[in-house]
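Below, chain A partners chain B and then partners chain C, in two separate complexes.
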Partner chain A sequence: MKVTCERSYLAQALGVAGRAVSSRNTLPILTHVLLQTEDDRIKLSATDLDTFVRCALPASVAENGEVALPAATLSDYVSKLPDAPVTLEGGDGKVVVRSGHSRFTIMSAPAEDFPVVPEVTQGTEITVSSATLKEMIRMTAFAASKEESRSILMGVLFEARGDTLTLVATDTHRLAWKQTRLNESVQTPVSAIVPAKPLVELERVLTRNAEDMVTIRFGSSQVQFQSESATLVSRVLDGQFPNYEKVIPKATERKVQFEREEWLGAVRRVDIVSRSANQKMVCKFGGAMLAMSAESSEAGQTYEEIPIAMDGTDLQIAFNAKYLMEVLGLISDDQLSLELNGALNPGILRAGESFIYIVMPMQA
Partner chain B sequence: MSSPHALPRTIIHVDLDAFYCTVEELSDPALCGRAFAVGGRADERGVVASGSYAARSFGLRSAMAMGMAQRLCPHLLVVPPRHSHYRAVSAGLMELLRSFTPLLEQLSIDEAFLDVSGLLANDDIVSGGSSAARTLALEIQRCVFEELGLSCSLGMASNKMVAKIATDCGKATATLGQSPRALCVVPPGEEAAFLAPLRVSALWGVGPKMEAHLQSLGIETIGALAEWDERDLARRFGKHGVELARHARGIDRREVITERERKSISSETTFLHDVGDWETLHATLGEQTRSVAAQLQGQKLQANTVKIKIRWSNFSYSTRQMTLPRATDAAPTIEVAATALLRQIWGDAAPVRLLGVGVSGLSPVRQLGLFDSIPEMEASPMSVPYPIEVKATQEVCSPQKIVLAPVIDERRQRLRETLTRLEARFGSVVVHLGATTRSESS
Partner chain C sequence: MSQRIRQLPPDVANKIAAGEVVERPANAVKELIENALDAGARRITIELEEGGKKLIRVRDDGSGMSAQDAVLCLQRHATSKIQDADDLWRIQTLGFRGEALPSLAAVSRMEITTREENSEVGTRIVVEAGEILGVEEIGCAPGTEVVVRGLFFNTPARFKFLKSDSAEAARIAEMTGHLALAYPHVAFVLKHNGNESLRVEAAGDSFNALVSVWGRDTARAMMPISTSEEFPNIKVTGFAGRPQFTRANRKGQLVFVNGRAVSSRALQHAFGAAYDGLIHGRDRYPVGLIFLQVAPGAVDVNVHPAKSEVRFAREGEAHHALRVAIRDTLVGAQLAPSWNLDGETDGGLYKPFGGSRVENQLPQSQFPSQAPYQPAPSRFNPTPTPNYASYQAPPSEISRPLTPAPSEDTNERFRQHLADIRAGKSGFDRDLFPDEAPAKLQLRPLAQISNNAYILCEGEDGLYIVNQHRAHESILAARAIERASREKVESQRLMIPFSVECGPRALAAVEEHGSLLSELGFEVESFGGGALLVRAVPTLVAQTDYERAFADLLDELVSGHAGRNLDERRRALLTMLSCKNAIKAGDALNQGQMQGLVDDLVELPNPSICPHGQPILIKISTYELHKKFEREYAMR
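Right, the complex of A and B next:
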C-alpha cells in the first residue's frame, strides 16, 4: 500500500473513526483503525463491535492495499505533524508514515483480523438533514438511562410513521420527546431502539448544515446512519420500549409560563445545595411567583424566586433539580411553558410544538 | 456536662442474657441449668453464638471456636442455631419494648436503646437515679420476663455509650453460672466518675490497636484518658482523638436512632467452607443484594452508597464502596455495583470466609417513576404496543466474523424483580437461586 493525503483530512477522519474505537481491551484488534484504499480515497473503519464507524478522505493512491493500525498512536502522531502531505507506505507488519523530514514506522496488524464492517443494504430508509438529526439526538439522548440493569432504556426510540420521525428517551424518571416532519412519508412504520452511546458520538460529528443530508436505514438488527462524510452502523436493542404515549398527560390543571434563562440560573444555584440533599428542590408555584428552595444538613439552604405567568391554583411540588437543569440548558427557546397537575403528577415542559419533556416529581 | 441546647436525657440500654440459649430453654425446658451452647458444630468450624450460664462457668465465651469450647467444657451440649426463630422472638421483644417508647434503636437481634426521657418528669431525669427511673427500668425487665420468658440486663445513663457500658458492668457483677438480670444506673453528672476506673477498651471505638497505642502512652484506664490533654489526642488520632477525649469524660451526644433513621442496611454470609469460585460468590452476592433491596423497599428507603466486605481465610478484611449516580432501592442496580466492587477486590480464586453487601446514605426521599403505575414493563413479551417493522422487507448484510456483545437478559431482570417482591412478602427462605444451593450440598 502506498497512499498520500492531506494531514488535516487524515486527522479529522481519525477523529471521527476514533470515536468508535473500543476502550475495552477485550480484543486487541479493536484498538485499531482499518485503512483501505479505493480509487482516489482512503476509507477508515473502526468498531467496538456494537458500533461501526466508517469515513473516507481524498487521497492519491499509488498502490492499493489495506492494513490495520493502532488508532490512538496513529492519531496522536498525525495530530502533532505540521500541515503538509502525509504518505503512508508499507504492509506486512509495519507501515511507514512520512511527512516532510519526519518518519514514523508504526506496527500494523493484518486487515483480515479486523471485524467485517457490516452494511445495512435493505430496510426502511428515511432522510433528514444533518442539522435536524443533530438537534433531535441532542434533545433526547441525555434522558436515556445510564443504568445497565435496564438495557432497553439505555437506548433512544426512533419511530417513523407517516411523514413524522419521533425520537424518545426515558430513564423512567423523565422522558424527552422530539418530533420532526419528513420530506417523504414512510411506507412501513418503523420503530427501533438505538443505543444512546453511539448516538452521542454521531451527534458530535454531524454538521449543523441544513443542506447536508443523512440517510437512516433500519435493518432488522442494525441501523445505519450515512452522511456525506461518514457512516455509522449500530446494533439496535432488542426489546420493548415502554409505552410512552400513556404517560404523556392529556389534560393539565395548571399552566406556567416563564423565561428559560431566568429559571435555569435559579435552578443552577439551588442545585449547589440540592445535590447533597438527594437532588430535591421544592418549588412553590403561586400567583405571579415561583419560589424554589433546597435544604441540606451539609450544605445549608438556598432560596430563589422568579416571576411567572400562571393559570390555575397554587401548588407545591418537589423536583430533582438536575432533571430540570439539564433540559433547560439544552433548549434554545426563550419562552417556555410548564404544565402541572398534582404534587405527585408529572410536569410537562414544552418548547414549541416539537419538543416535550416530562419529569416526575419527588416524594419526600 | 450536656450541651446548652440538648435537654437532659435518660437512655436505657437493654441487653438480653444469653438470648439464643434462653430461647432454646423455652422450647426445651430439659436444657434449663445444663451446660450447652448454641452454635455451629466443631467439625464444621462452628463458633459459639451463645453459651448457657452453666457453660460460661467453664470459661466458655461467645464467638469462641466450638472446638475450643468443647475442650473447656467436655460434656458441652451443642444446639444448632435456629436463626429464623430467634428473629421472630426478637421481633416480639422489640414490639414489647416499643410499647414503652417508640424512640427505640435496635442495635442487634437482642440489644436496643430506649430513650425514655419523655416518660419521666424533668426532675426525675435530672436526678437520674431517682426511684421513678429505677421503677421504670425494673418494670421493663419484669415485662420482658413475664410476657416473653426472657431475662435481660439493663444499663441506664444520660447517654447511649454510658448506658451500654453500664449494662456490661452490671452483667460483670453477676454470680458465675447464673443469669445476671442486672440493672446498673449511672446518675447524671457521675458519668466520668463511673467510667474512670474502667479499662480504655471498654470505650466505643477502642479496639486492640488503639488500646496498644494508648498503653504505650501510659494510658490504661478511662480516667487516665480523660485527664490526658485533648489537643494532644487530636494531634495523635485526629477526629477520632477528639471523640475519645469526649467519650472518656462520659460525653456522648448521639441520639437514639429509630428504625426509619437507620444509617445502613447489610447482609452477610459466613461460608461453611471457604469459597474460591466466582460463581458461588457472585450468586451469594445476588441473594444478599436482594435481601438488602427487600429491606430498603420494606422501609421505604433508598440508598446511594453500596459497600462490600470480604473476610479472607486468614481473617483479614477487605472492604470497598462506591457511590451510585442516584439513590436506589432496586436489587439489580445494587447488584451491578456490588459485582463491580467484588471484581475489584477478588481474584486469583482467593478463598473467602465471609462475604457481605451493605448500603448506606439512606434517605426516605423517593423519585417517582413515570411508569410506576403502569404494569406494562412487566407485561408479557408478546404484547407489542406499536407496529414493529415488518421482517420480510428487511435483509441485512450481517457481519460473519464478529460476535456481538451479550445483551442483558430482560427476562432474568424480571425474574429478579419478582424474587425481590416474593421475599419481601414471604421472607427470605422462599426461593433460592440454583447456584446458591450448591455449596450446601457439597
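Right, the complex of A and C next:
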C-alpha cells in the first residue's frame, strides 16, 4: 500500500472514526482503525462491535492495499504533524508514515483481522437535515437511562409515521419527546430503538448546517446514518419500548407560564442544597409566584421565588431538581409552559409544538 | 423397688412420631399429595381452610384402596410400597415408610373415603386421634379423598408454633407448586378458603408447569437443560436460569431426585460451580429447576423421615453430571466459554468474525485441577477485635507464607504468654480479652501491594494490610447510614410502574410487612394473579437497578430474618448501594489518598470487618515478626 493525503483531512477523518474506537481492550483489534484505499480516496473504519463508523477522505493512491493501525497512536501522531501532505506506505506488519522530514514506523495488524463492517442495504429510508437530527438527538438522548439493567431504556426510540419523525427517551423518572416534519412521508411506519451512546457520538459529528442531509436507513437489526462525509451503523435494541403515549396526560388542571432563564437560574441555586438532600426540591405554585425550597442537614436551606402566570388552583409538588435543571439548560425557547395535575401526577413541560418533557414528582 | 422404665402406649408413640413427619400443615399436605402421586393420580385437588389448620382436603383420582387396605394403612409401618429391607434400595415411589398416615391420624380428626375402580362400593373411615371410630360402605367416585380436620388438636404445644394462616397457606402453595413442577402430567388445583390460589393443568410439559408456578417472566429466563454428554446411571433434565437472572438466596434452585424434592449441599455446589465466573456480584445465586433420574440403587432416600435429604452411592458422579450438564446448557446458549476438562485451556473459543482469536474473557475455572467435589468453605465469622484477624487463617494468599502453624514451641509460648499477662505487658493478651476496648488504631500507609489491591500500613504494634475496596465500601456505607439517619426517606414516583411476579410466600410477606415497604420508600400495590405493582421507589435506588433492589428486599422478607427492623433493613439497602461506588482492587492511589482512606477507616466503629462480614485488614504484629526472625527478646 502506498497513498498520499492532506494531513488536515486525515486528522479530521481520524477524529470522526475515533468516536467508535473501543475503549475496552479485550479485543486488541478493536483499538485499531482500518484503512482501505479505493480509487482516489482512503476509507477509514472503526468499531466497538456495537457501533461502526466509516468515513472517507480524498487521497492519491499509488498502490492499493488495506491495513489496520492503532487508532490512538496514529491520530496522536497525525495531530502533531504540521499541515503538509502525509504519505503512508507499508505492508508486512508495519506502516511508515512520512511527512516532510518526519518519519514514523508504526506497527500494523492484518486487515483480515478487522471485523466485517456491515452495510444496511434494505429497509425503510428517511432523510432529515443534519442540523435537525443533531437538535433532536440533543433534546432526547440525555433522558435515556444509564442503568444497564434497563437496556431498552438506554436507547432512544425513533418512530417515523406518515410525515413525522419522533424521538423519545425515558429513564422511567422523566421522558423527553421531540418531533419533526419529514419532507417526504414514509410508506410504512417504522420504529427502532437506537442505543443512546452512539447517538451522542453521532450528535458530535453532525454539522449544524441545514443544507447537509442525513439518510437514516432502518434495517432489521441495525440502523445506518449516512451523511456526506461519514456513515454510522449501530445495532438496534431488541425489545418493546414502553407505551409513551399513555404517559402523556390528555387533560391538565393547571397551566403555568414562565421565563426559562429565570427558572433555570433559581433551580441551579436550589440544586446546590438539594443535591445533598436526595435532589428534592419542593415547589409551591400559588397566585403569581412559584416558590422553591430545599433543605439539607448538610448544606443548609435555600429559598427562591420567581413570577409566573398560572391558570388553576394552588399546588405544592416536589421534583428532582436535576431533572428540571438538565432540560431547562437544553431548551432554547424563552417562554415555556408547565402543565400540572395533582401532587403525585407528572408535570408536563412544553417548548413549542415539537418538544414535550414529562417529569415524575417525588413524594412531597 | 419400683418400675421406672415403661413401654410407652402406642398412642403416645404415634404422637411422638407425628412430630418427626408432620411438623406443620405443609408437611401433612405433602405426605397426602405424595400418596396420591404414588397411587397414580392424574388430578389432585387440595382444599384448605385457615391455612390448613382447620381443614385439609386432598382428593385424587388414583387407584384407591379396598376396605381392608384402608383400615390397614392406618397401622404404623403398613405400606404397599415395599415388602422387605432389600426393597429400600429399589424404591421408586415417593413414600415407603408407612408412617405418614398413622402419624397424621394420631394428631387430627381424619376421614378417608376411597374406592377402587373395579369395586362396586367405596369405604369411609373416620379416625380421631389415631383411634378408628367407624368404617362404613359408601358410594363415591374412584380414587381417594383424605380430609384432615383440626390438625394438632390434641397436641396444643405444636399447634402454638404454627404461623399465621396466610404464612402456612403460603408454605403449602409453595410446596404444592414444587410438586406440580416435578409432575407435569398431573393436574393440581389448590384452594384456600374457597379461593383458587394455584392451578396447574396436566400439559405433560415442564415448561407449562413452570409458567403456571413461577410466572411468565421467570419462565422466560429459563433454558431447557441440554447436554451431549452421557452419564452412567444419571440423567439430568430440567431448566437452568440465565446467568443474568439471579436471586439473593438459593430458594430459586429446586432439585428433584427421582421426582422427590431434595436439598443437597453437593448438588447445590455443583449447580453453582457450573455458573463459575458468570454471576456478577457477591451473594447472588442462579435459578434452576433440576430433575435427576438415577438408578434406584444408586441413591438412598431413607435418611430422613421427611425424605428431604438423600444420599448418593457415588456423590462425585452426581456432582459431575449436574455440573457438566448445566455448563453444556450455558455453553450451548453461548452464555459461557466451554470447559476443557482435560486440563488444557482453550483460548480460541468462539470466533465472531474473520477467524481472529478471541481471548477468553471470563476467568478460567480451576475446576479441572480440583477434586470432583469440595464442600463450600464455611464462613468463619471473626470477632470484632482488630487484632484477631492474624490469628485465624486469613483468606489472602500473601499472608499464607507468613503464618505457618505454630509447632514445637506452643507450650513455651503459652508460658511466656502467662508471664506477659502477669507482668502487665500487652501484645498478645488483648486478643484473648476482647472485652477490653481496643486502642484506637494509628496507621501510616507505606505502599500499595499486589497490583494495587492492598495498602500496606505501619501501625504502632505491627504491620497492617488493608483491603482497599472493602475499606472504602465500609466508609461509604457508614457515611450513607449516618446521613440517612438524619434525613427522612424520600420516594421518587415512576412514570412506568413495574410489576413483579412473585410466589405466594412473597405475597404473604408483603401483606405482613406492607408498612415496612412504604417506610422504606416503596409504594407497592397488589396487581392480582401473584403480581405486585411498584409505583414509587426510594431515591436511594431510583438511579440504579431498583427492580433488583426490590427483588432482593422481597427475598429477604421471605427468608424472614426475624427481628430485622426498619433501621437494619435500611442499613442493608444503603450498604448494598454504597458498594457500587467504592474504589476497586487495582485502582492506584497516591500517598494522600491512601492516608485519607486509612484515616477514615480507623474512625469507623469496627474497622476490621466490612458490612458483609469479611475482614478489611490483616495484622502482622511486631511480636509475630520478631518470632519469625527468631528474635530472642520477643519471647521475654
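Keep in mind that, in the parts below, the second predicted complex is superposed on the first by the 363 of 364 C-alpha atoms of A that agree within 3 Å, B and C clash if a C-alpha of one lies under 4 Å from a C-alpha of the other, contacts with A are read in each partner's own complex, and residues count from 1 in each chain.
Just so it is clear, contacts are C-beta pairs under 8 Å (C-beta built on N, C-alpha and C of every residue); 3 or more make two chains touch, one makes a residue touch a chain.
Every value quoted in this text rests on a predicted model; they were computed, and no experiment measured them.
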item	value
Combined model on chain A where chain B meets chain C, clash or fit	clash
First, second, both or neither for A:P361, with chain B first and chain C second	both
Contacts of A:P70 with chain B and chain C, given as first, second, both or neither	neither
Touched partner set for A:P195, first chain B, second chain C, both or neither	neither
Chain B versus chain C as contact partner of A:I29, first or second or both or neither	second
Chain B versus chain C as contact partner of A:P346, first or second or both or neither	both
Contacts of A:G155 with chain B and chain C, given as first, second, both or neither	neither
Partner chain(s) touched by A:V247 [first = chain B, second = chain C, both, neither]	both
Chain A: partner with more touched residues, chain B or chain C	B
Of the stretches 94-102, 418-426, 436-444 or 454-462 belonging to chain C, the one that collides with chain B	436-444
Doubly contacted chain A residues - partners chain C and chain B	49, 115-116, 146-150, 170, 172-175, 242, 247, 278-280, 320, 344, 346, 358, 360-363
Complex contact set, residues of chain C against chain A	352-356, 358-359, 361, 483, 486-487, 490-496, 498, 521, 523, 536, 539-540, 542-545, 547-548
Interfacial residue positions of chain A with respect to chain C in the complex	26-27, 29, 49, 112-116, 146-150, 170, 172-175, 242, 247, 277-280, 296-298, 320, 344, 346, 358, 360-363
Residues of chain B touching chain A in the complex	302, 304, 325-327, 330, 332-333, 335-336, 363-371, 374, 376-377, 381, 383-391, 393-405, 407-408, 410, 413
Partner chain B, residues of chain A touching it in the complex	47, 49-50, 115-124, 146-152, 159, 170, 172-175, 188-192, 218-222, 235, 237-243, 246-247, 278-280, 320, 344, 346, 358, 360-364
